[in-house]
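What follows is a group of structures, each given as structure tokens.
Both complexes below contain chain A, partnered by chain B and then by chain C.
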Partner chain A sequence: MNLIFDLIIAVCLVGISMRIIFARGHFQAIVLFITYGLFLALAWTRLNSPDIAIAEAAVGAGLTGVLLMDTLGAIKTSEEKKMRIKVPLKLAVMSIVLVIVLGYSALQIPSDFSGLSLTVHNAMPLSGLEYSVTAVLLDFRSYDTWLELGVLLTAVIGVLTVRRRNSLTGSALPAPAEPVGRWIIKILLPFMVIIGGYLLWLGAFAPGGAFQAGVVLAGAGVMLWQAGHPCLAVLSNSSWRLLLCLGFSTFLILAASSLYYADQMLTHPQIKAWILGIEYAATISIAICLISLIQASPNSKLDKVS
Partner chain B sequence: MTTFAIYSITAVVLFCVGLMGLAVHPNLLRKIVCLNIMAGGAFLFLISLAYNSQGPEMDPVPQAMVLTGIVVAVSATSFALCLTRMIKERTGQCHLEGSDKDKDN
Partner chain C sequence: MNTFYLCMALFLALNILAGLWRVMAGPKPEDRMVAAQLFGSTGVATLLLLSQALDSPYIKNAALVFALLTVMAVLAFVRNTSYGLKQDKKNESF
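On to the complex of A and B.
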């Protein structure tokens, strides 16, 4: 039964990806891409990875979809022709050969390898956490998480530089608030904030954690901004910048301070506060950076005026 | 084994479909969508490997890598889209110089 479900998801994923390639209009391709993200989220739940399913549904389908739609609105020309996509024969043959070679080598992977799960399992008591994915993210491979926050921050700085802006606060309202939008916010926002906080708290012992909470909060922020709600504009420019850098700088401070009592960076003593501090800072920074990435790109007309 | 086989083959096919789309489309927006399809394929392959591994629990390291990867992918996408806008504003076109845009777009 599960196998049939797997097969349905697999066929849908491949079908949707082909449709994205052959879609004539860009709008159609983007809507199909959002569908693709949702099907991927289904595949993650089937593969026992609820963490990734949450992140994919919020980021892969949601935020990327918003970004793509936003850009489409900016670059669309009125006389855009519906194009017919033709794949050259050589390219099609090459792709099929690549599928066969990669697929064959994927099936040659022995099924009795244990990966790193045993190593992580044995090291779990050292981390003070009960859930292994959170332990890997915030403790065993915290370099990855640190640099990932660095990538997010760099992306925000990059977008601001390309758009020639030095402030994010001016672009808080894309549209005047409509009554319907306000009602939706009133209903949805409390749920999203509660779910975000719950996921953050859950991360210590069950699927959940900084990333998932951060992306859910970012979704809430984008909803506020899209509906024209003024509460994001309350943040002053300097506090906005502070929140952007919070995650990265928390890591930096902790890494530097750990050099005082240990030989290596980011080795931490057995205190919950350490992990907790990193987790909360990372959540806030991820949420604020993702909101900024979406806020920063549009409103080029508004910029030219100001 | 079989669930692993289904998802790893799907991942490979998604990667190659994305790669093909990347080569076929002259439009930068569509190229970015295709890159994201490829990323989805790569993530799916990592997680199907983790699902297949034998151990006390599912391998958490690839899961953490994919979680990181999803956020990095969205940052890269937003920066790429921002550059696309910039190219559109500067040149009035949405494709790179030298691609045979006139034929298909």
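On to the complex of A and C.
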């Protein structure tokens, strides 16, 4: 039974991705991509990785769809050319070679291979955390997490540069406030804030954590913006920038200060406040970065107004 | 009992597969979008069933997040068709 389920998910993933590449309309490709996110979440569930399943469900179901739809709305002005997409032969050969190499190395893994989980398990007392994935992300490999926050920040700066905008505030809302939007905000916003906080708190001892919570909170912000609620626009430009950099700079400050009392960077004292501070700052920063990415991305209506 | 849950999850996955036909056939963007939204509800149910079948309760959180955020794509779709470009509706190849 398990095998049939896994096979169906695997076949669907490959089939949908092929269909996305060969789809004739862009809109069809976007809808298929949203469905692809669902199947990916199911695949991660079957692989017993709830952390990634939650992240994939949040990003794939919500924010990617909004970003792609807005982009489509912005590029629709130019005439859409219907063309048959051809996959170059070189690319096809290279992908097949890659598939063979990856498949061969996957077959070489011994079935009782446990990876680094034993090492992580033994080192858990050093981190002061209860859940291994959070310990890896925020303690053992905090350098990676720090740089990932940097990647998000760079993405926002990149979009702003390409769009020739120097501020994120003061931009027109995409839609006038209308009853349905207000109604959705009333119902969903409280849930989103509560569930965002819940996932953040859960990260200490179970699957969840800063990224998942940040994406849910970003979903709340994007919903406010989409439904025409002006409450995010009241944030001043400087506070918006401060929140954008919050996660990255918190890591920077803690890394620099840790050099005073320890030999190595990012060594932290055994207090919960250190981890909590990083996690909260990262959540806010991730949420604000994702909202900014969607607000600053091309939008047909805003382009016409400005 | 776990096999029963997995069978049900499999059935729902097959349902999604059947619905994919509507996404590909269209013909209107609305048809495709509504089909994708139905996958959202089916996906939540599938995730909940899998969480029971695999005895891993935290997958329920994935279902929770999924249920909350699927509506975003519809909001973006409505916004782009009603406030954005009017010719989208006429364009069947959309």
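As a convention for this text, the second predicted complex is superposed on the first by the 268 of 306 C-alpha atoms of A that agree within 3 Å, B and C clash if a C-alpha of one lies under 4 Å from a C-alpha of the other, contacts with A are read in each partner's own complex, and residues count from 1 in each chain.
The criterion applied here is as follows: contacts are C-beta pairs under 8 Å (C-beta built on N, C-alpha and C of every residue); 3 or more make two chains touch, one makes a residue touch a chain.
Note that this is a predicted model, so its numbers are computed, not measured.
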Which partner does A:D6 contact after superposing on A: first (chain B), second (chain C), both, neither? first
Which partner chains sit in contact with A:N48 here, chain B, chain C, both or neither? Use first/second/both/neither. both
With both structures superposed, pick whichever of chain B and chain C touches the larger number of chain A residues. B
Is A:G65 in contact with chain B, with chain C, with both, or with neither (first, second, both, neither)? second
Return first, second, both or neither, reflecting whether A:G219 touches chain B, chain C, both chains, or no partner chain. second
Considering only the touch criterion stated at the top, classify A:P190 as touching first (chain B), second (chain C), both, or neither. neither
Of the two partner chains, chain B (first) and chain C (second), which one does A:R24 touch, if any: first, second, both, or neither? second
Hey, what residues of chain A end up touching chain B and chain C alike? 2, 9, 26, 46, 48, 56, 63, 70, 72, 215, 300
For chain B, which residues are in contact with chain A within the complex? 1-21, 23-25, 27, 29-30, 32-34, 36-37, 40, 43-45, 47-68, 70-79, 81-86, 88-89, 94, 104-105
Can you list the residues on chain A that touch chain C in the complex? 1-2, 4-5, 8-9, 12, 16, 19, 23-28, 31-32, 34-35, 38-39, 41-42, 45-46, 48, 50, 53-54, 56-58, 61-63, 65-66, 69-70, 72-73, 76-77, 80, 82, 174-176, 181, 184, 188, 191-192, 195, 199, 202, 206-208, 212, 215-216, 219, 222-223, 226-227, 299-301
Please give the residue numbers of chain A that touch chain B in the complex, ascending. 2-3, 6-7, 9-10, 13-14, 17-18, 20-21, 26, 29-30, 33, 36-37, 40, 43-44, 46-49, 51-52, 55-56, 59-60, 63-64, 67-68, 70-72, 74-75, 81, 83-88, 91-92, 95-96, 98-99, 102-103, 106-107, 109, 111-118, 120-121, 132-133, 135-137, 141, 144-145, 148, 151-152, 154-156, 158-159, 162-163, 211, 215, 286, 289-290, 293-294, 296-297, 300
Which stretch or stretches of chain C touch chain A in the complex? 3, 6-7, 9-10, 13-14, 16-17, 20, 23-24, 26, 29, 32-33, 35-36, 39-40, 43, 46-47, 50-51, 54, 56, 58-59, 61-66, 68-73, 75-77, 79-80, 83-85, 87-88, 91, 93-94
